[in-house]
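Structures incoming, each one as structure tokens.
Same chain, two partners: chain A is paired with chain B first, then with chain C.
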Partner chain A sequence: MTLLSAAWLVLRKDLQIELRTGEVVVTTALFATLVAVLTSLSFYVDDQSARLVAPGVLWIAVAFAGVLAMSRSWSRERENDAFRALLLAPIPRAAIYIGKTLGTLTFLAIVECALVLEVAVLFNLDLRGIAGALAGLLALGTVGFAATGNLFAAMGVRTGARDLVLAVALFPVIAPALLCGVVATRELIGGAPMHEIWAWVRILAAFDVAFVTAGMFLFEPLVCD
Partner chain B sequence: MVLAFDRVDGRGLVKVYGATRALSGVDVSFSAGQVTCIEGPNGSGKSTLLSLLGLLARPTRGQILFGTHDAARTKGLRASVGVLAHASMVYPDLTAHESLALAAKLYGLRDASARIAELVERFGLGAWAGRPARTYSRGQLQRLSLARALVHEPKLLLLDEPSTGLDAGSVERLIGAVRTERARGAIIVLVTHDPALAEKLADQRIELAQGRLAPASGTPDRLATASVPRSGSAAPGGAS
Partner chain C sequence: MTQPLSQRTDTQGPVFPWLPLLVVACALCLCATLYEIFGVAPVELQMGIVQKIFYFHVPSAYAMYLGFTVSAVASAVFLATRNERWDAIAIAGAEVGSLFCLVVLVTGPLWARKAWGTFWTWDPRLTTTLLAGMVFFAYLVLRSFGSVGEVEKRFAAGLAVFGLLDLPIIHFSVQRWRGTHPTVITGNGGGLHPDMRPALFISFFLFTLLAALLIWQRARIERLRQRYEALEIEAAERGLLEET
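Up next, the complex of A and B:
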């Protein structure tokens, strides 16, 4: 079985469970909404300050919601030791990692669609002219975040530390990518020219390539033995 | 591609986790059509040995051979291994049908529908196969788990405390299923703390203590001659 067809099986299984339970998307979306609402009440002063604060709110909500989504997604693997059945199957183990990461990306993409609209309303931002660029930035940041997060979450399945590994160890590693995401989004919403934003996009893309590649190579040694 | 073999050998198996030496030079041998029961106290290395045989971990030293195939160098051996453990290894939010379909696809079965229908019939899953596994009793979960472990007709079947928490009827069904697999020619390795289960199923018994074969278990040569008589013939129909 090829890497991609096995990854598709893992992804389809996650989507099948999520369609039945709605657990990850619903809890994650509610949490992200709560973050957006509370921060808007606290930080919104005027439209100018909103343009500076909103990118931070957006990425904080994505980051925290992402941790919640990955934690819940991997706790399903722990229940009944179901993850062991995936490890026993004659598929490339990197396919499990890719499938789980694509699942997280799908869940977070749905949450981010709602979140961007909420942030736009709560902070009174007109995002119509930059919607495509903003979607691209969020996609780039989310790929790196999900790629790294799923690696840490998988480690948690085999250790007693579990959620602690995800919450404590993930953010120092992902911090540079998150910073790039926040700054690039701030520049974009602030009306900076695209050539200035491209520098951040390139860094984010480099992080993505590094995180995904490292994840594919490190996944098997980390989850086996 | 499923590779052919009729015995599995572990030679000089050592497994070290950090400062813990889980196995210290274990030699074991398992043959087709035989149930080998591994016994020993907690922490004696039984589960570690099963992890190595199930290709979930690699030995720190030593070699595992599936027939003539070195497990460290041969791809595709995982397709020949089935595992049934105390934990069911199925997703609570998938139905029995969905769990078996997922397993069949992961193992690349071509005629998955026919095989799933056969297993549903054999293990009596039909009445509740459309419900999520979260709603199953322990006995029902174990039947589904056994069906999942056998979906690809594994040549090597590893059973890790499979009777834990089962009532007498479920244990009898399990025994029937294991005897059917033995009659099919599977190599079966059973780890259990249940002496009655071992007595009923074991053709060969091995005892581990502190990561080593206990003296009574002896060397592979002695193991081959240390079989206990089978306590009954294969039950037709397995777990039905």
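Up next, the complex of A and C:
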């Protein structure tokens, strides 16, 4: 069985569970909404400053909600020791990692669609014309975030402190991706020329490449006994 | 069949004959450094005595990266070999690095207040130090939960490796972020006065020795702890712990 078809099996398993329960997407979307509402309550002053604050709100909500989604998705594997069964399955170990990461990406993509609309409404932003670029930025940022987060969540789920550990360990590591995402989005909303944003895209892409590669190689030595 | 415990030689723990020498060298170098900094190096005109922080701050930052690098490299080797010896070096590097990181984060703002008029600025170097510190503080938190099992050790090792990978990306992204604003304050302004160089140079030497000494000692303690743990497990297996 090739790596990708095995990863597809893991992904399909996660999607199937999600379709039947809706647990991760609904909880995560609700939490992301709460973060967006609370932060806009805290930071909204006028329409002028809203354009500066909104990108931060958007990305912080994605980061917080993402941690919740990954932690929930992996704690499912802990129940009934399902993770041991996954490890025993005759598939490459990296396939588990890729499958779970793709699952997180799918869930977060849905949550982000809702979140962007909410932030646009709350902060009175006009996103027509930059929607495609914003989607690209979010996709790039989420890939590196999910790649790092799933590796940490896979390890964290087996430690004593679990969710707490995931947030504490993950946020400093993904900080540069968050920074790139926020600043690039702010420049995008502010109408900066494409080559300005392109520089951020390059850093985000470098982050993605470095951490997806490291995740694929480190998953087996880190997670398997 | 294992030997009786009384005849075992591997209960002695590792012996480090060079350690006292390193301690003496460190103490002598500390005296020389203090004399050089406060006795020989000139007092800076504008900042006065506050500038002396510089001789501790810059070598501390260097010792911090030394500790973090040692930790990340040892973590990578630990993940590849699963040899506990490397884990001991990794935690020693992380602890010593975090200690120096605290020194940097305390002395830096004190100096910056006088030099730049502000405690903190989002300079690439400052941000990288802060985030590297957060990564390794998380490492220490991870390792300080009551029962540190195999999983926590590996998680911490993975975090250290990712932390080191992250440093250039943090530096580069913050540089780009603040680089678009021309008012950013970078570095320590102009070059260093030639009379101040010996003090800084010997301070660098001192902090190298100090970092090596601390990492070495901490790794030794960790090795002893691992050995103690192994002996305790062995004693429990032989039923020695149940008698009270």
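Convention: the second predicted complex is superposed on the first by the 225 of 225 C-alpha atoms of A that agree within 3 Å, B and C clash if a C-alpha of one lies under 4 Å from a C-alpha of the other, contacts with A are read in each partner's own complex, and residues count from 1 in each chain.
Convention: a residue touches a chain if its C-beta (ideal position, glycine included) is under 8 Å from a C-beta of that chain, and two chains touch if they have at least 3 such contacts.
Computed from a predicted structure; not experimentally measured.
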| item | value |
| --- | --- |
| Partner chain in contact with A:38 - chain B first, chain C second, else both or neither | neither |
| Partner chain in contact with A:173 - chain B first, chain C second, else both or neither | second |
| Chain B versus chain C, judged by how many residues of chain A each one touches | C |
| Contacts of A:152 with chain B and chain C, given as first, second, both or neither | second |
| Partner chain(s) touched by A:91 [first = chain B, second = chain C, both, neither] | first |
| First, second, both or neither for A:121, with chain B first and chain C second | neither |
| Which superposed partner A:4 touches (first chain B, second chain C, both, neither) | neither |
| Overlap of chain C and chain B interfaces on chain A (superposed complexes) | 225 |
| Chain B-touching residues of chain A, taken from the complex the two chains share | 1, 6, 9, 13, 16-17, 20-21, 76, 79-82, 84-91, 224-225 |
| Chain A-facing residues of chain B, complex | 17, 54-58, 76, 78-79, 81, 83, 85, 87-94, 98, 102-103, 105-108, 132-133, 141, 148 |
| Parts of chain C lying in touch with chain A, wherever the complex brings them together | 79-80, 131, 134-135, 138-139, 141-142, 145-147, 149-152, 154-155, 157-159, 161-163, 165-166, 169-170, 172-174, 176-177 |
| Touch list for chain A against partner chain C, complex | 148, 151-152, 155-156, 158-161, 165, 168-169, 171-173, 175-176, 179-180, 183, 199-200, 203, 206-207, 210-211, 214, 218, 221-223, 225 |
